[in-house]
Amino acid sequence: MNKIAIIGASGYTGGELLRMLLNHPEVEITDITSRKYDGTPAHKIHPHIRDSGLVFKNKTPSELDADVVFTATPHGASMKIVPEILDAGIKVIDLSGDYRYRDTEVYEKWYGMEHTDKENKGVFGLPELYRDEIKKTKLVANPGCFPTGAILSSYPLVKNNIVERIIIDSKTGVSGAGVNPSETTHYPNIADNVNPYKISSHRHMSEIQQELHGFEDVKVSFTPHLVPVIRGIQTTSHSFLNDENIDITPDEIRKLYQKEYGKEFFIKLMDEGEIPHLSSVRGSNFVHIGGFEIDDTKRLVMLSAIDNLVKGASGQAIQNMNILLGIDEKLGLTHYGLHP
Amino acid sequence: MNKIAIIGASGYTGGELLRMLLNHPEVEITDITSRKYDGTPAHKIHPHIRDSGLVFKNKTPSELDADVVFTATPHGASMKIVPEILDAGIKVIDLSGDYRYRDTEVYEKWYGMEHTDKENKGVFGLPELYRDEIKKTKLVANPGCFPTGAILSSYPLVKNNIVERIIIDSKTGVSGAGVNPSETTHYPNIADNVNPYKISSHRHMSEIQQELHGFEDVKVSFTPHLVPVIRGIQTTSHSFLNDENIDITPDEIRKLYQKEYGKEFFIKLMDEGEIPHLSSVRGSNFVHIGGFEIDDTKRLVMLSAIDNLVKGASGQAIQNMNILLGIDEKLGLTHYGLHP
Amino acid sequence: MNKIAIIGASGYTGGELLRMLLNHPEVEITDITSRKYDGTPAHKIHPHIRDSGLVFKNKTPSELDADVVFTATPHGASMKIVPEILDAGIKVIDLSGDYRYRDTEVYEKWYGMEHTDKENKGVFGLPELYRDEIKKTKLVANPGCFPTGAILSSYPLVKNNIVERIIIDSKTGVSGAGVNPSETTHYPNIADNVNPYKISSHRHMSEIQQELHGFEDVKVSFTPHLVPVIRGIQTTSHSFLNDENIDITPDEIRKLYQKEYGKEFFIKLMDEGEIPHLSSVRGSNFVHIGGFEIDDTKRLVMLSAIDNLVKGASGQAIQNMNILLGIDEKLGLTHYGLHP
Amino acid sequence: MNKIAIIGASGYTGGELLRMLLNHPEVEITDITSRKYDGTPAHKIHPHIRDSGLVFKNKTPSELDADVVFTATPHGASMKIVPEILDAGIKVIDLSGDYRYRDTEVYEKWYGMEHTDKENKGVFGLPELYRDEIKKTKLVANPGCFPTGAILSSYPLVKNNIVERIIIDSKTGVSGAGVNPSETTHYPNIADNVNPYKISSHRHMSEIQQELHGFEDVKVSFTPHLVPVIRGIQTTSHSFLNDENIDITPDEIRKLYQKEYGKEFFIKLMDEGEIPHLSSVRGSNFVHIGGFEIDDTKRLVMLSAIDNLVKGASGQAIQNMNILLGIDEKLGLTHYGLHP
């Protein structure tokens, strides 16, 4: 059995790691840590996780008995503890933004703080793009929720140099804001409402740009909206065919996606006429990608749906863990979406 | 008292007309018609409208005793009855799409049916743009719900020739689909979900294009999404500054909007940092417009919020009625949004 | 014009008072107070109330220029300021629980604090029960939200001595918890969920008991549930016919309600087969009462629906204000529910 | 591998059976039938079930190759096909109401149709009550959704003869109404609303009475409410301590539950202060039971939460299947609830 510890296990991503890992056939959870809830049984914080026997402990990294550690810690906190864990010879999957950037200056600009660990470099943990690099690393930087859906739905377009601008308009569930209540997440402010926010300046824009700019000089814009949904991110990407590809057909675009993702277990391409829905991926690690329509203005519309807490966070982290451990990438993640 | 009749009063727009007109100080409802519910008291269909004394009748246009008639009839049905009402010397406010197009060929292409009344021409009933024309007409074509929010939030941009492309990404409440249940509106399919639909081919795109193309050759694209909301349309418009205006500032854009809309009672421009929310306009005839942000890619983001059944349908129809009757345009429409 | 001030106007009940009073033909709002938001324009806190010209001020009671003051202050805070307002010759409508109890000992037991103003006695502000007393008082104790729906739906039963036990099972919208966010009101904890709370010990039980016990020794129990609804309280009361009335028919019970409430504008009795729905009263001051069914176990089921912020708080407060001012009780309150 | 077929697999219970059985280690789905969708791949109807290779077929019972058949057919349809399946030597788990009643006259009264198969007797498929009988039968009558939550939360009370009346007030998610849209399930009628229905006459009352009356002459009443929830049934039971037990304490009652359910994997008793929430059991086969409070009127309040489609239908059916097959009762059902 592989030994797993979770640092900062009291939030939603911690709860999701528990939910899935406790049914994973090849791992054993040795520690869950929380400063605030030291001594508290898991089910007092995660009421769905009954009889696990797990209790939050306020442990330091060096006290952990683990092969792989998940750091479900806030941005800024991870880079304070990750070096120590790595030094102890333990592999790390970090769910914060701290190690996602190739250029720490970009991080410092968008996260508004100094990066204090420029030595350790993470591999961007999107297995469908970086599987080989993940296999070899000791530090996986698990992607952000918006970037996961946005990058996967646009990557074949930029890799094949088809479009010249991409507008990413995303609608996210409220669990993305985390477990702590705020005015933003107050039920009467969310229900029966749509809340655009950080409409031109969300930090995930920089993460999306990093991954999609590598290929060419496509301009990428991003606007998120909070919708009355618990889980899930629905992404609509509007892009414009470049001059060289002005006559490309939807079918030709679909073929590029099939070529790129045809063997990926967690990516499902919709048939013509099918729409990716949040309910189809709810609670699961699957990504549904559809759209493939071009209108009269030569705008291409692509759509994707993920569960922000699973493929957008803890499920993808477990997928990365499976790769790190050299076991079947699908283990513990084969359950379908909870539809309806 | 002005005498008002509503044809096809059993749907949501009919219910909204009743809700507001029954508290309007200068009108009296003489007739509500419905073929299906002939003889049924209003509250059996609209359970919130108690003790109005109104009963649905299956009347023909010629049997109506009215100064103004609202035709809350489906597309295709309106053009069959409007000529007869006009012939009887009664003014008409039509809530269908039948008279919205200057060019009936465009109508025929997007609505997939022959236009059988090419003689009577409607005035596009957006008072903020066509107030003078509405005053003089006998036939108002009440705008579609998406077009109302989309046109009002983008009109100053095209009028002043600032942008070269507009992507309109709208999120609509389910009442826009009407009172009749379908798989699309089945609660388990809508709740906790986001449903993009007709992503490159919604007929309201043509209506938006008609109104925004008049000014210049800006390309307009449109994608609607169904979100778990009863009422309201939140519109995010992404547009690109053209070369001549590449250095325009958000403040300069805000001033253009203030100039255009400063005296409009029903349009409220958000202060810096304020976001238009559906709850702020819920049940009301107000339009909230905000955004005014430009990102590094020279994308301008504008936002608007309306209640699809009020400013997007019945409230705007009453605003048009007030204009037709030569009374205060605000009468019966001064109530605020139902927040929270 | 009657001059009105609102103390503590930044919460939901304050917002509702503004929403309705700004369209009331016979009153003028002279002051809205808030310690926290001193100097802030109303629309920054109540985004739907645009262009009212109102600004929150941190004023003491003696600085107010008003005929009637609404104290929309927390329990315990009202009794600190009400004496001073009354001393200034101003009538008060208090929305807290402080003056609802005939016996302050009951208050002290259920609210867990000493009552510091035993001198001033409020009239329980349920106009349908206490209209004559309200006319003559200077201090109205506006009822709680749950008690309003519960008392009105059960009052004819106890007045006529028909039942021997009443179980009140209520389902409330989240706005009842107020404007301040908490774990309880965090969207992911409310949406797609049902949360029973204080299942045997909610303080509103004592208020309901006070009003229903006056008639006879019927036992009253109460359990509230938080449901994924913004506004509204749906109450189901299960009661048991006493031996003397074991053969009473639903029709006979209906007649008792008609006799009691037939002339009440804000109470609507449902026809047979009609169910009171929250949407029918949403945003309005109406109470819908239905049910009138008896099962094999001689259980009688009664149902009621109100908007907790309107008939359950601010609307009823305005109804009381109209009575205090000697003007038409319906003024400013004739708008219908926002259905759908 | 055990061979499993599902008759009527296109509804929600069919989808749930697929969702869980496709990850079950000891079974293989050989057939899914549907008259309407003959030839349609599973994912066209159940969009979350991708790449299963399953296709709906219009097969007769005799054409099935199965050890156990689930009949996910409507009431009335099951009794037409079950005899033929049993005759073929195949065990049946029926999800309709057809075989739940010991006395078919009760069935005929509440379901309004003649029972045409009085020969085959089903075992009531509540494993926590009837495990031994289920092991030996060939026909399991899977319980209704409301009865599952209601019976399990009240059974120890009646078994131990503690209470004299039980009022069951249940709040159910909309998926209980099935996959077919109707006015009842139209999003604008459900969202932000509470809909009591069949308040004194729901047929599940008879099923609850059958199971709870066996012990003593306690009177059981039932009222269901439709709430804006996709999945889940929250049940509040209000019961009255009988004279012999008028001084029983909450702790003593809790002990009776622990004795009854302490070894049951799928039943979790809440600690003091914990409330059973729908989110804790969402998508899972667990039942959460709490409450254990007694008020001044000697009313005992008990609470339960289940997922109506899992423990209330398909999950319980799989639990029954495991028992029938003689394999671990928990197989395929160990996943936790999807919280948040």
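General remarks:
Letters A, B, C and D mark the chains as written, and numbering starts fresh at 1 in each.
One rule holds in what follows: a contact is a pair of C-beta atoms (placed from the backbone, for glycine too) under 8 Å apart; a residue touches a chain by one contact, two chains touch by 3 or more.
Here the structure is a predicted model, which means the values were calculated and not measured.
The fewest steps needed to get from subunit A to subunit C, moving only between touching chains, is 1.
Ranking all chains by how far their C-alpha centres lie from the centre of subunit A, first place goes to C. Rounded to a whole number, the gap between the C-alpha centres of subunit B and subunit D is 46 angstrom. Averaged Cα coordinates give subunit A a centre that lies 35 Å from the centre of subunit D.
Annotation: 38 Å between the Cα-based centres of subunit C and subunit D.
Under the contact definition stated at the top, the residues of subunit D that touch 2 or more other chains are 12, 175, 188, 191-192, 228-231, 277, 279, 282, 340. Contact residues of subunit D toward subunit C in the complex are 165, 167, 169, 171, 173, 188-189, 192-197, 199-201, 205, 219-221, 223, 225, 227-232, 234, 236, 238, 240, 275, 277-279, 282, 291, 293-295, 297, 299, 301, 303, 305, 340. Looking at the complex, you find that subunit B touches subunit C at residues 12, 15, 19, 22-23, 46-51, 175, 191-192, 230-231, 268, 274, 277, 279-284, 286, 334-340. Put simply, subunit B touches subunit D in their complex at residues 12, 174-175, 179-183, 185-188, 190-192, 228-230.
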